[in-house]
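Order as written gives the chain letters A, B and C; numbering starts at 1 within each chain.
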């Protein structure tokens, strides 16, 4: 990576006796879109506030555009923030809200007006909104005004603190698309905090998954999805199956076997093994869409499990089955395409199979 | 009795109670206004005719206008101090945590729980003792101090409600946009607390303007309007007091109308939310 | 609301706290101490003598006259509490549940009346309650004999005046507690099959208790100091404590006596407040802060 815009090294943050961040490092490149993802309390918002200058790190170094940010207040940083609840000033009109950062920089009034206009165009907001007050706008419009206010002073990094968490699903989708497009157009670095990994995968160039004040994995959406570091990251993406396995390692290679299945021990391809693999609870990550029902003898190489249909859900484009397998705590989840023909009833004994070499080996 | 009828009966009784309350509250005020236009010197019913003569007689009273000036001066100065002190105090009450905060809260709230006359008496004793040492006597200045002590807790409570509902991420947002401490205060904190501060100021002014007990204890030989009325009615009733009461309502009405206008304007701006698309 | 911990070296804290604290300390706390100190002095020839003895306190505790008046004051205050709560509750309830569209206007009307010059309002009551006043005139109009009610210069008139000046306080405290009740709780009670009346007694009333109690305490404490009402409307026939205090200052020029009577009243008020604080704190402790 060329010189990063944000270079955070070993950031530690303590609140009294509580340690919110245990030495987190993160680099954000110019024009990059990075998402910080994790469950609540994982430290993602704390990290964002440290980048913005609302919190001081207890320890660690932070450089933005190569400059040390120690003691630099939020106002003086080349970052701007879009707040979770937007924080539009209720007593200022849309024009005054957007123009506020420029006014503070003592930009002359005609220029402010011009640039506010330009932001309005960029955000696809109608010019007659200029004189309205935030409360008179819809949720999506408020969102755009908040973005406009954050971008008007041309920051080099835009920080977004779950700005879409309060919106309904449909509006969220369309704003996500707009945000991605906006990022492509203006080339500013974006750092987005979200608890929604799906959102992060849609938008970000790189995703930083956090848990308990630590970074668990940093990687592209493809990495995160196909090569999750461990069960936490894999489980965070969506519904999936973890099948406990015995692992015999030989250097980089590994052979897996399981007493729960009918099938031979299998050699895992090198790129189907997590680089973070440990001895602790090794398991195969088996995606729901890779499992199918079998009757009679399966093809060689497949692993077969015997179980009973616990429940099924028709999801429209697919049907989800939950199969109870003895020896597994959670039912096995499988997604079959289509929902017109239902191959099994609740309570029916079934055989299901998957290809272990297409699964992914990881650990807790 | 059907449920519906019972419901209607309860509704009527509840609304009736408010109507009765308003009648109760406005009975003496309406009576005063009515009598102020009576042409008879005797304040009894039925009224004989309509006239403005008592207004003339009131204005002709030599100690009337000085009392008005005194009341206005006392109210203006007390309002400024009570509102400023109350606002600073409200922020400290709600937003800050500091050593001795509990004591601060008790001391700044206690005058609200104090019968006014006792508050006046206690301060009078202190001012008399101080006056003996420092050679001054009670007058308008002591009245103003008394009003500040009495009214500041009211102002504090009113502003505190506003501070409590204040969204502090707005201040963070301003800081993020590049504002320094003073700019945050001037552009965000103050305008957003303003409705509370404004109501506190109006409340303070009217409390001071109409205050009798504290003024009575601390005014010495000076006279404010309520003292003027008190000493007048002690001597005997006269139709100039209804006239005074009516005049007294005018500035208060204007103030309240102005406050209501401001409130509506703010309301129109800030909460006429279009339902989320 | 972000809570900021501030140290006493922070200029922002010093700036916002010290002016008010100084005013209250110098003009409220010190005068209270001063008043207490004065009760241990005596007067000789209408002048204060710094003697440090218990003359005044022995006088107060030995003369039943003072205690008759104190007892009357406390009973009037208690009656005032009961009546003002009875007046205030339905009004606050109506304001919170029935008249939402006009609620602000009605509140402004109430506050406006509250803020009007107390002496003038009291004078207005004379005109209403007088034997030849508005009330009797209206009663005569609807068929009652002339001068039906002889209210003026009776304790009833005093009570009317006190209610008039104090009922506003519980109205607002009760209204605020009622507004804080989650509407869903009421609906949940209806949903469980409770009638409106049952819901009121099982849900609304208990949840509005904080407002009810604080309003009641406020009325009690403030009515201890009623002065205009007993003097102007009661005609001084059944004086209350404040009249006694005024006399000891103005007529008898006995400051230590006035100070001591003031302290007695303050102690009665403070004990009531302390008891209230004690019980609410204990309730909070036992009910997990539900009240």
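Here is the rule we use: a residue touches a chain if its C-beta (ideal position, glycine included) is under 8 Å from a C-beta of that chain, and two chains touch if they have at least 3 such contacts.
Listed by chain with UniProt protein names: A = ABC transporter ATP-binding protein; C = ABC transporter permease.
These figures come from a predicted structure and were not determined experimentally.
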item: Chain contact graph, described as a line, ring, star, complete graph or other shape; value: line
item: Longest centre-to-centre distance from chain A, chain (CA-based); value: C
item: Interface ranked first by C-beta contact pairs; value: B-C
item: Central chain (by mean CA position); value: B
item: Chain centre separation in whole Å, for chain C relative to chain B (CA means); value: 17
item: Rounded Å distance between chain A and chain B, as computed from the means of their C-alpha atoms; value: 55
item: Length of the line joining the C-alpha centres of chain A and chain C, rounded to whole Å; value: 59
item: Footprint of chain A on chain B - complex, ascending; value: 167, 169-170, 172-180, 183, 187-188, 191-192, 266, 269-277
item: Residues of chain B touching chain C in the complex; value: 6-7, 10-11, 13-15, 17-18, 21-22, 24-29, 31-32, 35, 43-46, 85-86, 88-89, 91-92, 94-99, 104, 107-108, 110-111, 113-119, 121-126, 128-129, 145-146, 148-149, 152, 156, 163-164, 166, 168, 203, 206-207, 209-213, 225-226, 229-230, 233, 237, 241-242, 244-245, 248-249, 252-253, 256, 260, 263
item: Complex interface listing, chain C residues touching chain B; value: 1-8, 13, 15-17, 19-21, 23-25, 27-32, 34-35, 38, 87, 90-91, 93-95, 97-99, 104, 106, 108-128, 130, 132-134, 137, 164, 167, 171, 196, 218, 221-228, 232, 242, 245-246, 249, 255, 258-259, 262, 265-266, 269, 273
item: Chain B partner contacts - residues on chain A that touch it in the complex; value: 52-54, 73-76, 79-81, 83-85, 87-91, 100-101, 104-105, 133, 135-141, 149-150, 153, 167-168, 171
